[in-house]
């Protein structure tokens, strides 16, 4: 895949976008960047733009950050001096037929893109990218579990609710670290999968009864399974961690009121930015490759 | 779940059905058995019937074996003195509202069951039961891989095609045994999953190029990915094993002609009959429980 | 083992001693404690003494903390209002034939004990207790490695120097988490052991050459293997962690001057105090049991 | 290490020696071979001698096979047309200062070597070479355990006696395959090590009590721990496997008389000859390198 005739703009984000921009430049593309923390020594092959508009001008691909659009319609860009609002004016400068690859858009961005004939390629709910971020998320959860408990994961009785993409990775890692992992899932297929991975499977209805024996409880499902009845049965000062997408599945206020160490783990994907940026880029690059192949054959 | 008023017939099968019958009796149900290898000491709580018809007479549940119905319309029952044909005459003796739980039926059985108002509960394509049999299948594959090669799995370069239920379990186990596992899959989600599990992921198109470095190649997909072009590039006397459902995915005749050790691993689920029978029973019992709960609430 | 006629004093320490005292009381012994953080609700079966002398008066066993005696001759007891000095005066109150079980003594304590006919049972260099603390130490190292790097352990190239008790546990855990672990050891037996555990073994002389490819380097040997020449070859901002006993094996000042994240991991055994306290107690209890059995048979 | 001026003779053995000879030739040495199964296509760089004497004539290094000398004083060489007796006459042809690298000698060979000033380098009791063979031995044990039982290793209750080099590797591998491993050892350091590796540790005295719950029992110690009392308590038709050096540690006749599947696993190191030959060669080559370096510096 030769991208030497293409212009890629990386706008907004954090240290992950730094790695994405660096890797984008290794394809031979022209890469312009704005709105993420710029390293002292610069980034080989990447031009630092002075404004978002300058970065996007004439770009064939605009890469917007993973966490997507905030409620106020601006990009996630904590290190940017001013908010970056991807409105019609900003998108007007993109090349004809440009694509925006991003976590997820809001309605305004959808309208602005449609007005300019720009395709949006979303990956927030993309299982591939979630799995590529998976090890970073799991290791972030391990870091917290180690820091916030008085016991080792090794030899601990641990509960995990849900055996989807993240629950499965987390449960398997805890098993390898020597925990006895009780996996709670409604779906018998997930339970059979958990059993094969070395967990002790239980239906969700088994959670209240088992809670008293657990010293850590991780929830990866977005519904309220870990409710106050469960929290009351956990041993005092247990760790409860919510890894589900918002609005999460654990009543963290109730957990804290009961004396537990309650952690909202949203954002763990932001750690290990070099690894995660590289994983993310591998997924983005596959999409660009597919788009270019279609163009080539069209 | 109290099954003391129910009659369960276990008809046909092999050592797995022996364990299924034994466990069925622990529920308090009346259990009658016919057509699988009978142990010298008998089975606690299980009555040995003299004919299939005697076993099935008045039964609320008939459990037929996993491999289902043969091409000639008889049950899998290699130790039975005569073929067991589940025709309308045989089914006529079942209790009203009886259920047959089995691998899969053929058209004749479907018709016979429909004629008597008997529901068929199939599990051949059931992911839960496949996963419950998974460790037995994987260990069977390990046994063959150890027996048929001049190298250890530890430190070997190994290829696995497909990252579905069995491919995923097999690949993970090979990783834990110290192999460097190259996982070939068309689906990028499967590749991302394999990467998180410690494999080196490749698209299917990467297989011919990689083949020369592999000393074992396992295929778990039912299409002809491991074709002669791939087989020619494998090192001499490699192990190639086909774990896919019939018709399989490897040209085993071509593999043998090229001097490879080619293994058709269909039937590995028949090993470890105590574990597999128990797993199978846990899945069958869940179905019976659900049926009884519906009856209770109806 | 019935200890109901024995008095055990737990003096000094931290949260680990809390767990040790709690478990000591479950044997039926009389347990008195002083000098570690006292929990709000007290400890079932343990009497809180007002002074170290009160705790020790008439005790058959004095349990002193793991980190042993400081340079100024006092026990490790950061939460004690005043220093605790185990001098002849303090030891005078122990029961005849008493034993002191502790990390390690200094000369003054040795003399004081000898003067009173008290046996010292040391465990600082005890391999059993080191291994029992091992998982806590390894998990502490993982926590730091996750927190202090921009990459995941999964898929990282990691170096470990030494394959002794801690190096071996650490290397194996990193392998299970998906790292490619390069194990550097002088001893070919350790290298063969590391290879069997899934590491890539190298002699120590291979470290300078390999350093440029590593993103984390852990040293578990007390000699200066990771010297400035090695540190200069590591990629910028690498994590270097010293897990060896004092004086350690890495020039941490040089590492920091070169821009690396340099961590001195002594004291990791203090984390997970409930697990470590329980492990420690299992080792202490075995020693007490052996002493009592000798007494009984004498 | 340049061995181009050296002559290496590989005499006796099996498929492992074939791989050793092949790798020896890659060093540039002159390699002559006799007494192991010769492959149809020959071995690149290796000359096939017509007699043992021809192979050894003028050799600087004689490599004799792993299993050493039989009771009748001949080398292990099952494919040799006649017995190979390393007597003084045969050794007389070696180069001055030659070394014989071998499993272990008998008294006659010792005397013959001494008479000619030839140094014997033994590795039978060499921990490094044992560990290098370790994965092959463990995988051989897995193969038998899978073939000879009605249960999967996954989820089985398994006993391992001894946590030395092979016991440790075996126990860890069984843990990774999902077994619940009960590790029985006299030495508390071994028990603490086993616990850290995910086993449930027990003293040897705990074996009789635990035996009733085990479906497989592996012994790796050369003393009679698994005696008839233990064998009687195992469930009917358990697998008992003896992995210890002769005379082994299990009363296999008693085990068979009690209806167990009793396996004497001596010789498992003979499987995976390519991997084991290569491992063995890496250890042999290290020894040759050390000898040459001494020569060079002398």
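We call the chains A, B, C and D, going by the order they appear; numbering starts again at 1 in every chain.
One rule holds for everything that comes next: a residue touches a chain if its C-beta (ideal position, glycine included) is under 8 Å from a C-beta of that chain, and two chains touch if they have at least 3 such contacts.
This structure is a prediction, so every number in the text was calculated from the model and none was measured.
Enquirer: Chains touching subunit C and subunit D alike, please list them.
Expert: A, B
Enquirer: Tell me which of A-D and B-D has more C-beta pairs in contact.
Expert: Answer by contact count: B-D.
Enquirer: What's the farthest chain from subunit C if centres are computed as the mean of the Cα atoms?
Expert: The most remote chain is B.
Enquirer: In terms of residue numbering, is the interface formed by subunit A and subunit B classified as same (over half shared) or different (under half shared)?
Expert: Over half of the interface numbering overlaps between copies: same.
Enquirer: What whole-Å value do you get for the distance between subunit A and subunit D if each is reduced to the mean of its CA atoms?
Expert: Their C-alpha centroids are separated by 49 Å.
Enquirer: Taking each chain's centre as the mean position of its Cα atoms, how many Å separate subunit B from subunit D?
Expert: Computed value for the inter-centroid distance: 37 Å.
Enquirer: Identify all positions of subunit D at which a residue touches two or more other chains, and write them in rising order.
Expert: Only 135, 154-155, 178, 195-196 qualify.
Enquirer: Given the complex with subunit C, which residues does subunit B contribute to the contact?
Expert: 154-155, 178, 195-196, 198
Enquirer: Show which residues of subunit D lie in contact with subunit C when the two form their complex.
Expert: 127-129, 131-132, 134-135, 165, 169, 172, 188-189, 191-193, 195-197, 283, 286
Enquirer: Contact residues on subunit C for subunit A in the complex?
Expert: Subunit C residues touching subunit A: 15, 135-136, 139-140, 142-143, 146-147, 149-156, 173, 176-178, 271-276.
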